[in-house]
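Since the structure comes first, as structure tokens, the remarks are kept for the end.
As written, the chain order gives the labels A, B, C, D, E and F, with residue 1 at the start of each chain.
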Amino acid sequence: MGKEQKRIAVYPGTFDPVTNGHLDVLQRACHLFDEVIVAIAVNANKYPIFSQTERKALVETNVRGLPNVKVEMFDGLTVNFAKKMRACAIIRGLRAVSDFEYEFQMAQMNRHLDEDIETIFLMPSQDHFYTSSKLIKSVSEFSVEDVAAFVPENVKKALRTHFAKARK
Amino acid sequence: MGKEQKRIAVYPGTFDPVTNGHLDVLQRACHLFDEVIVAIAVNANKYPIFSQTERKALVETNVRGLPNVKVEMFDGLTVNFAKKMRACAIIRGLRAVSDFEYEFQMAQMNRHLDEDIETIFLMPSQDHFYTSSKLIKSVSEFSVEDVAAFVPENVKKALRTHFAKARK
Amino acid sequence: MGKEQKRIAVYPGTFDPVTNGHLDVLQRACHLFDEVIVAIAVNANKYPIFSQTERKALVETNVRGLPNVKVEMFDGLTVNFAKKMRACAIIRGLRAVSDFEYEFQMAQMNRHLDEDIETIFLMPSQDHFYTSSKLIKSVSEFSVEDVAAFVPENVKKALRTHFAKARK
Amino acid sequence: MGKEQKRIAVYPGTFDPVTNGHLDVLQRACHLFDEVIVAIAVNANKYPIFSQTERKALVETNVRGLPNVKVEMFDGLTVNFAKKMRACAIIRGLRAVSDFEYEFQMAQMNRHLDEDIETIFLMPSQDHFYTSSKLIKSVSEFSVEDVAAFVPENVKKALRTHFAKARK
Amino acid sequence: MGKEQKRIAVYPGTFDPVTNGHLDVLQRACHLFDEVIVAIAVNANKYPIFSQTERKALVETNVRGLPNVKVEMFDGLTVNFAKKMRACAIIRGLRAVSDFEYEFQMAQMNRHLDEDIETIFLMPSQDHFYTSSKLIKSVSEFSVEDVAAFVPENVKKALRTHFAKARK
Amino acid sequence: MGKEQKRIAVYPGTFDPVTNGHLDVLQRACHLFDEVIVAIAVNANKYPIFSQTERKALVETNVRGLPNVKVEMFDGLTVNFAKKMRACAIIRGLRAVSDFEYEFQMAQMNRHLDEDIETIFLMPSQDHFYTSSKLIKSVSEFSVEDVAAFVPENVKKALRTHFAKARK
């Protein structure tokens, strides 16, 4: 692969909401690729608590300092979006044992769908190895202050607003 | 156990829809038992996309070449169906790490329910180790062509019909 | 820590319903702490089949022989309830491979929320290593007799009543 | 496969020494096949504490009640021995999480070496799920009485003799 | 169990050498028991790089601030040592996926050997979840400075002395 | 990171001998980095069957078609070698469940030793997911022909020569 061609990676997810763990993986990816596209899945059948626009905005505020990061929304298969973006890689943050199977299934399927796009796994910092958006939401239901260490400032506010409304 | 008695195995599942991975496991089981009964769970609380009749028909077309295979529907506990069929074994295809616990739980429970019926685990071909009905459905939602390598011809058609309707 | 202070542990869960496995872990915990509080989660978003009052009553009948056990209901974060109870430990029964990640996530989160409360993992007896409330309910749907070995007498009756009603 | 042909399975291992867990798996396999051959690996580079003749004798005494079991020694690849015995299956007792990878590697390699011989995994009784020859030997070093529940009578004697000698 | 009886726990290991991860688990255990005995296995067939006296001394210096900790050497089965010490618990630090099987095997065996002694699993701080004595030794072979974050001061010195000698 | 700087990755291992699985991972890495350095560990305390010169030669013959690959030997810590090579990444091929812990330990340690070098995990093709140098050697001991599908031509010859000598 020639030097003249930019190497682009896609970092897909629901980001409902983005966590410090996501941002940690993202920063690491920035050193490895010329451009990293945070790809926010629109059609998540996981019933996100934040709308796609909110999720995008929450990420964007936090990546302003990273010149080679773009944030996009996508619909459909990740690998098709990656192809459209001319990406050579899909980035996944490795977390814990029960993730592995599904991650590998997806990675094998994605490779089947496009042999030229590689799934690469990065390890988040130890501080984030055990946090997930899901856990953050279930703690926030009772106390947003308690997850302050795991999410950026704007997400903390958004969680507070969301759960204040939910309680009414 | 005398030679005069047929050894029957039951291969239970939702089969929504049957995949090449299922058929691979089935073929392997055919060499080990006198008769293998594909047992399609009727009452699956997993909201199948295909009806029980459709799921049965999709399997049947693909087992015509296997003389010692029968396809049945069942309701209730697998082990009770196996007992009724006078089976000595329940067949499970091993897939991935996160499956194991539940598989072992079920196998221990089944053994508790009937000590004479053994759960045996077979390994699908490497080509099918990472595919599942669930993954196939989630890819098919966007593009049925992309899963053509993982399902038999009639399932491909059925998926195309199903998702064409769903899109309307 | 001085001898004069009681060491209290909290054993949280949905207990829908309590199983012999839970009671086995509980008995083990009783030897390690001055007081063990069975903490029944009220707000379980798992749609329990028994009401919180029923679940509490089913536990209570079975812990009468254990002088240092109390049964309480709680709402909100486990760790907050533990703090309120002045507990030094949260008890978890270890089961199987796919549990681990979530258990560790929760344990790390709980430690973050209160560094003074330790999560400790106990291993149930081998007889209970593969049973869960979920599996018991799914077998009971068809035959309560078949789970008699895994639940105490009053739970067996309650399951019978519940599923008799459900069938009507 | 015609009824007229016997279905033979091979159950390979070092059997240093045979445990109740091995015998449990063996009994289960006897119900599934016309003949089961316990295949004792001669060239184990694991430095067995019992010679191949001793290991074979310790197994033989314990399988007298099983009419369709034979005990053999073998050298070289398991799959080649299985082929020579005209076996259609290699039996493995599933134990615990860290075994899986190597088991699957071996099973895939064996399938590559002979596509007609299937590796099947059986689950030992819960009582034996966590015992291994290695653990039995390391406890026996201090007290043979303590492993009496996990090995047959003749193995207990052999362990006592072995470790009595070793201590001198 | 009456308040009048002290609750003692044993924390066994090779401690070759003790790490910050060990000390972290030890401190947590101190809050849960009246007395914690660090039990250094004498007969480790792992060829320790430090003698039993050295390993004991390296631990002792680091537990001076913990009034309810004692350091002892032991030979033979852990559970027998625990019984002799009148302990009600054996403490294990949970680390990573491949440890689990062996840990559970040992815990089940220990329970078989003495039903009254419970094995309890504690989780070290995230900072120590991925360090082990083995990894520390293999890095120290090249550069002791690089493991300074993972071991106490006296262990760092001992490693430096050991590997300086080894290099000659 | 500016376009003007080459992105270099190191792919470390014992390569005793190199397999098709290694070469598969290597080819994937070549698309992601400007230069990939195969780093052959000299001081492997695993008693390699091939000398470091042999292992290097066996790799070199197979990477002639990959213009951005270099083969080097190294001694000491991988991360120090990576730093010396000005690499931004260390590449690891993911294989199976029991590898994970040690891989993550190493990755965390390497990150501790140099925060600027990222460990990235790639998944080999399904055909190679279950093969390892160790398994290849243990099959080759009996029949080199049987591993022909898993190693390149020159490795097959080298294995044949090695085991012919060993048998004398």
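Here is the rule we use: contacts are C-beta pairs under 8 Å (C-beta built on N, C-alpha and C of every residue); 3 or more make two chains touch, one makes a residue touch a chain.
Bear in mind the structure is a predicted one, so any value in this text is a computation, not a measurement.
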### Query
If you tally contacting C-beta pairs, which pair wins, C-D or A-C?
A-C
### Message
Measuring centre to centre with CA averages, how many angstrom lie between chain A and chain E?
### Response
39
#### Entry: Geometric centre distance via CA averages, chain D-chain A, whole Å
48
#### Entry: Centroid spacing, where centroids are CA-atom means, of chain A and chain B in whole angstrom
34
### Shared interface positions of chain B, touching two or more other chains
97-98, 100, 104, 108, 126, 130
### Task
Return all touching chain pairs.
A-B, A-C, A-E, A-F, B-C, B-D, B-F, C-D, C-E, D-E, D-F, E-F
### Message
Taking the touch rule as given, give the residues of chain B at its contact with chain A in the complex, in rising order.
### Response
95-99, 130-132, 135, 139, 142-143, 146, 149
### Query
Once bound in the complex, which stretches of chain B touch chain F?
97, 126-127, 129-130
### Parts of chain D lying in touch with chain F, wherever the complex brings them together
76-77, 80, 97-98, 100-102, 104-106, 108-109, 112-113
### Query
For chain A, which residues count as touching chain F in their complex?
1, 3, 6-7, 28, 30-32, 34, 68, 88-89, 94, 97, 100, 104, 107-108, 111, 116, 118-123, 125-126
